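Multiple structures follow.
Note that subunit A is present in both complexes that follow, paired respectively with subunit B and with subunit C.
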Partner chain A sequence: MSDAVPRALEDGLRLAMPFVAALLVGSILLAITGRDPFSTYAELFNEALGGQSRIAATLTAATPLIFTGLATAIAFRAGVFNVGVEGSFYLGGLAAAWVGFAWIGLGGTLQMLAALGFGALVGGLWMLLPGWLRARMDVDEVVTTLMLNFIAIGIALWLVNGPLLAAGSANSATPMVLAEARLPRLIPPSTLNAGFLIGLAALVVYGVWLRLRVGGFENRLVGLNPRFARSVGISVSSVILLAIVLSGVIGGLGGATHALGVVGRFSEGFSPGYGFTGIAVALLGRNRPVGILIGALIFGALTSAGTTVQLFADIPLDLVQVLEGTVMMLAVVEAVRWARRRRAVRAVAP
Partner chain B sequence: MPEVDSPTTRLGADGISRRFGSVVANDGIDLAVRTGEIHAIVGQNGAGKSTLMRIFQGLDQPDAGRVIVDGRPVRFRGPADALAHGIGMVHQEFMLADALTLAENLILGAEPGRWGIIDRRAALDRARQLADQAGVDLDWHQLAGDASVPDRQIVEILRLLYRGADTLILDEPTAVLAPSQVDRLFGLLRALRQDGHTILFISHKLREVMALADRVTVLRQGRVITTIDVGSIDQDALAQLVVGETVEPPQRTACDVGDVILDVAGLSVAGLGDRPALDQVTFSVKAGEILGIAGVAGNGQEALIASLIGLARPSAGRMTVHDEDLAGLSVADHRAAGIGYVSADRAGEGLCRQATLTENAIAGEQRPLAAEARGWLMPGRCKQRAQTIIDRYQVVHGGLGRPVAELSGGNQQRLLIGREIDRSPSLLLIAQPTRGVDLKGIAAIHRELLAYRQRGGAIVMVSEELDELIALSDRILVLCGGRAMGIVDREDASTETLAPLMVGAAAA
Partner chain C sequence: MLKPVLIAGAAALALSATGAAFAQDPVALVIAQGGLGDQSYNDLAHQGFMAATEETGVEGRVLESRDVVAQGEQILRRAAESDFGLVVDLEYAHGEVMEAVAPDYPDTEFVVLNQVREGDNITSVLFSEHEGSYLAGALAAMVTTNTDIPGINEDANIGVIGGTRSVGIDKFLVGFVQGAREINPDVQVQVAYANTFGDPATGQQMAEAMFENGADIVYQVAGGTGLGVIQAAEAAGHYAIGVDTDQDGLAPGHVLTSMIKRVDVAVADVVEAYAGGSLEGGQVRNYSLADNGVGLSEMIHTRDLLPADYLARIDELRDGIIAGDIVVVNVIEDGYPDFFQ
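Right, the complex of A and B next:
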């Protein structure tokens, strides 16, 4: 195809644009505060990608964003603006941690698989209600899923401060999961773990499903034009319900890998907003597998550089946060364009 | 002095060219619309009419050539610039705010009054004055969303006059109107000409051009073929200029009528208010038969088709296909029972504009296709199926992987009809089969429908073109206010017999 290359190029540019713009904004800020932008960026780059351990830290930071970005993208592709991935991530993490420490006697890999599976299951079930409300009653999912986030975080906090609180622990956290439930580390001593590989596999499965499976085809058509989908006999409400629930499953799986791979338990402040950063990742990645991966890696790099850079260099963490914030803001531009189209499509639907 | 620079030329094009990639949309167009005339522009899909109008509105810029207004070259950056020069356009899709009244829509953007307070009395006075001048009567307090299509169109026109336009560009204004409504519009346009307004009128319908325009410019493949006085040419000669060759009208031959395919009894669909959208309609269609559905737009045609394909749930009644009762079942069930559906809203419902040709061609058949391969949609199989439809129905395209939005209207329609007929349904529901399609395309679509009938297919066809219904149908059912006013046999079908039924007069 002769036009495949320009299209990929255009996508690449659209993905890069917010980051380039963010770097420009950041360099103005740096210049004003009397720092040299180039050397600062070089240092940031070095912190994120200079050497094996730093790359591993970046990949670790990217892992939860791969899941939340993918979870958001699945719903987006069906035309559903699910902002409730954060809630699924929380509950999936808690559920996996619980299986990891409480189901004693499963043993071996089974313990880990059961914990992962249960996390994914809980994440999916959590989205059943907003999915049903949207699919059957046409209740706006943005409101329901956003509100459910607060409920999910509330439930999780109550559980780790009460029934699931580790004995003798002062801070709100569950007991550590059994060693068999931990995801294997890829490059010890770094915390990079098998969760990253599971994330990559999920991206591949998503890409294949979208392009080659009949379910993915229907998912895309519903997202592009629900009236059209209905008129050719696709059950729009089932497709929407499935997309929201699948979104929750992936969000829950993301929480489970985070609990079993990085934290080793569930604790208060489990997610610093991975679900919301995932929205930016999906938007910047245009809901495509490779785009999501790149988006997650860039945000991961910013995060991992940000945490170490202020310890060793004269670069405030605030700068990294300004960079992140600018990228997010530009991602919102994409979100608004998307929402307009969605509204236009829904307005003509009966 | 070339005519375009003459002071009597209100709006002109001087050698305008515009290309999109390898496609030349406008190729050195010269056009001079004289002050106070009704000037028609005709041409096939893709002849370059829309591009030229977009340039006249400043929505697009020419690669070469100039837009001339009153003998002077101008450069429009957008519709506001054009309007400042007195040139306004009524698009095919109306741009009224549904939640505002017609009077509010009229003044929107140039409200009379001061200090941010709208002088509603002045607005209403001005509205009535404009309507009087134009010789139309409107309920200005009605919400635009509740107003009828022709009333909305007239408000669009009056709004441009209110904003000071003396030159109107109308893009296919009659596409959405019933015959009697067309007369009212033409009366308005003639009255405007009387007052010295200039009108540029784009149409596919040569009969209307002959009836209304003073002069006509024929475009073909981006070039001006000729500009000619309407009085000095007849319709057939004009058609030949438009197409560039003679078009044979499809021959309708007698064919054997078979068993009853579709049987509908007492079918009703609830409307928005108390009145049902469809009220106890009963009819049947046999194999090898085309049942036409006539009626003024918005009299139950949409509800009928929607309930027959399962998009709308009937509130009462029965519909069977091959003796299988389908009322209340899903669209998928209706399609599985052997019904094909060609939507009147080609771009919004019939096809998915952003999806590729292949995806559009297999939509609706994705499950049977995937069932052959355990749920996989193999790209090769999908392309093969798309290619079959595209070849058989002569869809001109730029690649199977390109979005359908890039196809011209006629090619989109051929793809849509091809997709639905190629499934070999026993019943085809088709609404507005040739809306926005050019002359050659219309003949091809009619041929396709007749061939399908010849093979024993049954068709229910809704159309706002009475000529089309009369030319193709075996019988014509007339709807008015959701009720069946009568069924007219082919031998008796004519504008004279159908028109009274369409406005609700009982069958003789």
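Right, the complex of A and C next:
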């Protein structure tokens, strides 16, 4: 208990460091191109948080990243480097959109819940194969989950170009989901919707789960030291399998809320790489609920502010991409440390 | 209610001359997926937008987003709430969102491309891609049996690759096939869909397969995927036909022609009409062969390979379409014809 405050401080610094570094890199770039870094950042900040509608926009943009960050963290905790959340997000989104437009007659809230549930289910099922391969056959999940992303995106694009294509559409998109299946908006007319609350609830559940002996603690122990975990009677393979599948469930649920809450269907360009940004969110947030939330909010703010600020100021999208890229690059430093430890642990595990 | 309007180039010029007389709110251009630098749709629209804002003196802002699909509603509302008078949105996926958002902001005009959206303050811009594609098909059918032209075999066999199987893309394909059949009713047209607009490798493989099956000219209607079609044509010594912009220079001598959509003209026109105070919502502006809104490229790299009577025949067909003597099937309005099911 006594070291809780320094640890929180250390976490905070680790989280803040990449962003401070990114802002520095960005300001050098701005200065070179003859712009004033301070006023530029002030405009970005104002566009991200200046007033209720801007905050709502930032929270909306953060919502998919809460899910993908959390999904990634669940796996990371168990020592599983799942980089396949993007695939679960895609397929979960498509599955939910399909229920949303095709299951006519189910009615209102029930249809919405069915769509959410089906999205989560499909996201979880998608991770069954790499989970099983990792848990039982010790096949490296980094390779399998990364490859499965391409397959998931291929399947989704094929479906949305064929059986699920909206009639009359010139680009790859499903029909719009029925109005009753859309997630309710929290502060109309802003796009902030119940998906954000579902994301927060998932973080809370995750936080509680972490403190449970059966579940969170086992999960963590397996991640830290599988050999020790096995010696105290924990079924390492089932913990690993559960972690990967749960990760897929959350990723699929994220896709479902994105389809039902923001986009209103599945279409080409459904995710600009939320699953991959989620990896950075989990790494920066040290797999902790509050850290994930903060990480998602920062990336969300960059996305929403970085887009609409172009209406008012000559701030190119490139700047935002440099900021995002720098943060992600520094998050990888964390990943490398993590991977080293993981290799060391796996080397001693039988 | 939607009523079609015909656009004359001269009208646009006249409007721009009076544009300075009106005090105007700023205008915004929303860039579609693929982003600036695509050497195609976005870049062309951007050119038209920049030229028109410069000419009319209206303040113009260009918005790009890596997450443009999800940001759509946010962008449209933010622009309208910030007193933008005109928002030209290039992103196809924003159509429904625009229809939902526009009624909340009656003082802002919205423009959507390649689809028709209802709303008193929504202007829909369409292109008669079927007409331009018809000319491309006719030219391909003439060339494909002329073995005097390098890289051409004797088979009456050509191909077309669509980005996705949808009426919006089939509008091009059907026009192309109809034009080819006009020249040679027995021509064989291989049709395939890539299911993606962003994968040149797929486009290349599909074009190679068509060349192996006897085709010597392949029309690409597949955006970035189509760049692979052009690469395949260059590598195999055959021909591609470009789309949207003048792609003849991407592989000089191996792009027979390009079916150009003047997105730049369309975007410039709406900005100029807005600046001149004459942009009325609730209308469909159609750009056809007659307005030079669509058409074949200048063919600067291939023109010398072709017999003069081919080009004369193309001009004849073009005049016939403009005069209404030739009716090209528009699958969006007319449904699918018997020769293309």
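As a working rule, the second predicted complex is superposed on the first by the 348 of 350 C-alpha atoms of A that agree within 3 Å, B and C clash if a C-alpha of one lies under 4 Å from a C-alpha of the other, contacts with A are read in each partner's own complex, and residues count from 1 in each chain.
The rule is simple: contacts are C-beta pairs under 8 Å (C-beta built on N, C-alpha and C of every residue); 3 or more make two chains touch, one makes a residue touch a chain.
Everything numeric here is computed off the predicted structure, so don't read it as measured data.
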Fit-or-clash call for subunit B and subunit C when the two complexes are aligned on subunit A: fit
Which superposed partner A:Ala301 touches (first subunit B, second subunit C, both, neither): neither
Partner chain(s) touched by A:Ala61 [first = subunit B, second = subunit C, both, neither]: second
First, second, both or neither for A:Ile244, with subunit B first and subunit C second: neither
Angle at the Cα centre of subunit A, taken between the Cα centres of subunit B and subunit C once the superposition is applied, in steps of 10 degrees: 140
When both partners are placed on the shared chain, which of subunit B and subunit C touches more of subunit A: C
Touching partner for A:Val263 - first (subunit B), second (subunit C), both, neither: second
Minimal inter-chain CA distance - subunit C and subunit B, angstrom: 40
On subunit A, positions contacted by subunit B and by subunit C: none
Residue numbers on subunit A that touch subunit C, as the complex places them: 53, 57, 60-61, 64, 157-158, 161-162, 165, 167-173, 176, 189-191, 258, 262-264, 267-270, 272, 303-304, 306-308, 310-312, 316-317, 321
Residue ranges of subunit A touching subunit B (in the complex, touch as defined): 1, 3, 212-215, 217-218, 220-221, 224-225, 227-235, 348, 350
Complex interface listing, subunit C residues touching subunit A: 28, 33, 61-71, 73-75, 77-79, 81-82, 84, 92-93, 96-97, 104, 114-115, 164-169, 193, 195-197, 332
Residue ranges of subunit B in contact with subunit A within the complex: 309, 311, 330-332, 334-336, 341, 343, 345, 348-355, 359, 363-364, 366-367, 369-370, 375-379, 399, 401-402
